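The following pair of complexes shares a single chain, chain A, combined with chain B in the former and chain C in the latter.
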Partner chain A sequence: MIDFARVQKELQECSRDVEKSGIKVSPKSDGSLARLIGTIPGPVGTPYEGGTFQIDISLPDGYPFEPPKMQFATKVWHPNISSQSGAICLDILKDQWSPALTLKTALLSVQALLSAPQPDDPQDAVVAQQYLRDYQTFVGTARYWTESFAKISSLGVEEKVQKLVEMGFPEAQVRSTLEVVGGDENLALEKLCSS
Partner chain B sequence: MAEYASSDDEERYQYYDDDDDDDDDVDVDGGDGGDEIVSLRSHGCRPAFKIITKESLMAAQEEDLRMVMDVLSLKEHVARTLLIHYRWDAEKLLEVLVEEGKEKLYADVGVTMMEHGKHIMSRFSSVVMCNICIEEVSANEMTTMDCGHFFCNTCWTEHFIVKINDGQSRRIRCMAHQCNAICDEEIVRNLVSARDLNLAVKFDRFLLESYIEDNRKIKWCPSVPHCGNAIRMDDPQFEVECSCGLQFCFSCSSEAHSPCSCQMWEMWAKKCQDESETVNWISVHTKPCPKCRKLVEKNGGCNLVYCICGQTFCWLCGGATGSDHTWTSIAGHSCGRFKDNEKVKVDRAKRETYLVRYLHYYNRYKAHKDSFKLESKLKETMQAKISNLEDKQCICKDFSWVTNGLSRLFRSRQIISYSYPFAYYMFGDLIENDLTKKEKEIKKNLFEDQQQQLEANIEKLSLYIEKPFDQFSNDEFMELRMKIITQSVVVDNLCSKLYECIENELLGSISGETHIIAPYKSKGVEKALELSVCRDMETSNTERNSG
Partner chain C sequence: MSKRVLCKFFAHGACLKGERCEFSHDWKDPSNNVCTFYLKGVCAYGSRCRYEHVKPLRSESPGSSSSTSSRQSLVSDSSPLGHHSQNLSGGVFLTPGVLTELSALSRPFFPSKEPAWKVESEQLDFVDAGNIGGPRTSGPADRPICSFAAAGNCPRGENCPHIHGNICPICGKQCLHPFRPEEREEHLKTCEKKQKNLEALKHSQEIECSVCLERVLSKPTAAERKFGLLSECDHPFCISCIRNWRSSSPTSGMDVNSALRACPICRKLSYFVIPSVIWYSTKEEKQEIIDNYKAKLRSIDCKHFDFGNGNCPFGTSCFYKHTVKPGSYVWKYQRPPPRRPTQRRSNALDMDTLFDMVADLEEMMFDSPEDLDIFCLDPVEIAYVLRQLAVSSDSSSDEEINI
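Moving on, here comes the complex of A and B:
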């Protein structure tokens, strides 16, 4: 059984200093705390700067004695993150996990991974090769991906609202749903259909 | 092989001694026994293999653990962690200790040795915050590990359960981030058994089994269904017989396969599996009678087959043999040799030649394997014959010549069957060697001569042993007895000659990977004996508890 009391406390703790760390964790859908969405800002001074990255978190039954499962929901160009699936290659999410770590510390480690790629232990071989052989192109691609996928412009939101309203959902509901899922159009659609 | 196994070496030794004076025939008999005595003295006293049963496993492990605990004055779980790291090679561990020092040893293994004075707990008030569940818990519900980290018992228990279920019983680390300390087994056991007794039992079993699974010198007996035994090898040896009766190769854990090397055997086993469809298609279980072409199935141990049409033929080559076909003349027949038919080579594709060559060796290998299976049934019939004779108050009271002959037959049958895959690789081009074509041809002839002699004599022994000697008159009976005894000796000598030939003439020329072949033992595959548990175990155990 997941220790929900602890998850609850972690969420409170996290929201307390969200201003300072910029790291957010919120429940994905109302009800269950087993599926969460984490948000980290791209570290300053990296190609990811200015982007906001969303991470799908799913807690196994044994949490916190088993590591949380984390995966990038936002597309990102990084040697240790799959450009296809968003899978993260990070030791503390595997054998180096300790129950003393929290969702916030894990997300901080993921953020640290963004600023310090380890191309020798790659998750995405294509990206890693580019990182090692042609660093300039790598930086370019990573920045382009950040611009294209990790930035939610206000104009973008309006476009999405319009699109969803055209599909026949009431505008107020579309706006609130988009907010809950953090602006992801597909997730919002999924949620609107299931509600 | 059960009866043979149970007959005690010591008893046989005694018997030959008594019998020597009053029986003329015993010279030969005694010769066979003499062999036994020599081998008994040379390495029978201290067998290289020990059986570790479920019962002795604990004691065997404790012995090693205590040694390390005493030398380094450590707790059991630390000693275990060190030993697991060194794959239970206590000598290696001590070597590192002497040469590199305690600190290096601990650092290599990742054991953190912390001062025990750090009982931070006592300084706190009665309620302490657990950093895992983030709850306030009363201090007596908390447990501090050797490393000084403390968490509440509920969290510790959860952590242990997850790790045990994850198969990590042997290395459960402290919950603190980046703390490498291994948790005290006693604490794990106590906390887990309070929650789930079965899991605590599982934990203990995993710890125990580490002694076998992480140990260079110990292997599980590969029997299916598993007999529960493991075998410990004290001196480098190759083939062993477990108390469950299974004979296996210690280095690759597959069936005993000498004179094939492990590498050859692995390739052969795989090849037989891959090509089994083709081989089935050619149907190895039956052979067409050379006269009436009916398919004949072999239902007896020897290689002279009678078709219902009355035709006799050789099972190995399928060639007709006249009624004057005797066992001695089969000894001279040359179907054990592989003939490279020039015409075939030219006409057919190369691949086909490979298949023909493979089938040549495979069919002979399989034929002997099948004979072995059929002959295995002789054990029971032989017992029936013996008890039959005992009832009739036969002139001969001792039947060790039958059992000895039978075990000689079994052993040699296996050797001859495995000699075919050996020859397949030795004289083929799959294994690189330094031989020229001509040298290879000479050596091949030499080997095949030996092989054929052995083969013929095994058939002879098989024929004798299958005779209904319990129905024989006294004279006939004594004559057959003599024949079986002499034939056993002949086969034994030929087996050891074949191994000598392999060892001295053939193996040296193989380059690259080393092919080690289990040496031939006249006595048969070495039987592992029960491990005798150290007698002062009990006392040292009580000492430890009191101290």
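Moving on, here comes the complex of A and C:
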């Protein structure tokens, strides 16, 4: 059974210093505390700078004695993150998990992973190969992916809604989808198309 | 001393103790004829009393008064009916002042309904005068301190006939006997210990478990309000959280020995968890808690060892008591029985060999003192061991069957 009291505490703790860390954790729209969305800013001085990355979090029944399942919802070009599924290769989310870690510290670790890729232990072989063989291209691609997927578009929410409605989706659905994906237009479009 | 007072039975010609009597059988010795009731303050017979109603003036001469008081009590004990059955011919000597006052009390005596300390005026004075006469001579160290003052408040204040103790610097109550150094020492010691415990408890209240993020001593049930101390580091957890973690199923390749036995915070390996209701602040305190815990376990018979009939996986490093019963396996053969849990024996040969392998692996894994929470291999651990077995395949099992 998930220790919801602890999850609640973690959320409070996290929202307390969201200004300082930039890390946000909020429950998904269905209200269950077992499924959450984490947001981390791309670390400064990396190709991910300026991006805001969304991470899908689902808590297993054994939480906090089992690690939370985390997966990038935002597409990201990184040797240890699958460019297809968003799966993260990070030891503390697997065998090095400890119940003293929290969602916030885990997300901080993910953020640290963004600034310190480990190409020798890759999740995405293509990216890792590129990182090792042609670092400049890697940086370029990573930056491009950040620009196109992780930037909260300069458009306001209303404009995004309008744009998507113009594409032929019902407005209510557009609004809820945008909310779910955290305002990312591309993700919303993807989701709307798949549903 | 008492030899010097005339035996009143002897005086009446009827002392049964003869030579062995503790009172004097010599007519030259003075007789004791002072009314003990009068000395205590109230004699119901008043002027008709056959005993002398005098204040113990003789108490001024050193030594005599203590004997007087002891003799008085003996006298009154030995002839409680004396007041009734005998005539009043015995020379009754009354001081005039006392006579007038006590004649008013010449009626059956009813004990006062008021608490003793509320009894006012002269009557109280009698009490005090009478009481002090005895003990005053037997050094102040023999007198107890006022229990009211020691408890915090004496209603008699300055006028209290008892010694008021010195104020204890720790508990702030008047409970230090001024003339008994050992007692003072003892009180100070226990008081200090109590105070320390109280402080430790206060300090412990604040401590949070790093797993459930709650204050350990504020958990809902009493069983949960306990710390689980790790032997190798000083990070606080509640007992249920740390036990849960150490016995949780090793998912996604978590290793029992390196991950689960490690402190969730510093990842230092600890081989056992010590339950404690209090959090320590110094190394010595922690050691004391551990020692107490181990001492307690040493008094409990080991379930694995089973008085010499079982096989304890922890061997000589087991924390529990290994009592060898005469006639048991160990008693007969001087070695532990082969590892084969009898109660779990299955008909299938396969199962038996499997258990042997499990047991052996268990030995390999647990050659160091083990977490005491795990009494026997629980299903989770067995599952883990079996999974390991599947990996290491048959190569290892062949040599393990022939133990």
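Assume the second predicted complex is superposed on the first by the 158 of 195 C-alpha atoms of A that agree within 3 Å, B and C clash if a C-alpha of one lies under 4 Å from a C-alpha of the other, contacts with A are read in each partner's own complex, and residues count from 1 in each chain.
As a working rule, a residue touches a chain if its C-beta (ideal position, glycine included) is under 8 Å from a C-beta of that chain, and two chains touch if they have at least 3 such contacts.
All values derive from a computational prediction rather than experimental measurement.
After superposition onto chain A, partners chain B and chain C are found to clash with each other. Of the two partner chains, both chain B and chain C are touched by A:66. A simple residue count on chain A separates chain B from chain C, and the partner touching more is C.
Contacts of A:94 after superposition: chain C is touched, whereas chain B is not reached. Of the two partner chains, chain B and chain C are each touched by A:3. Of the two partner chains, neither chain B nor chain C is touched by A:139. After the shared chain A is superposed, the part of chain B among 2-10, 164-172, 416-424 or 452-460 that runs into chain C is 164-172, by C-alpha clashes. Judged by the document's definition of touching, chain A residues 3, 5-6, 9-10, 62, 64-66, 96, 98-101 lie at the interface with chain B and also at the interface with chain C. Here chain A touches chain C in the complex through residues 3, 5-6, 9-10, 62, 64-67, 94-101, going by the rule given at the top. If you check the complex, the residues on chain A that touch chain B are 3, 5-6, 9-10, 62, 64-66, 96, 98-101. On the chain B side of its complex with chain A, the touching residues are 131-135, 155, 158-159, 161-162, 175-179. Interface of chain C with chain A (complex): residues 210-214, 235, 241, 244-245, 248-249, 251-255, 259, 262, 264-265, 267.
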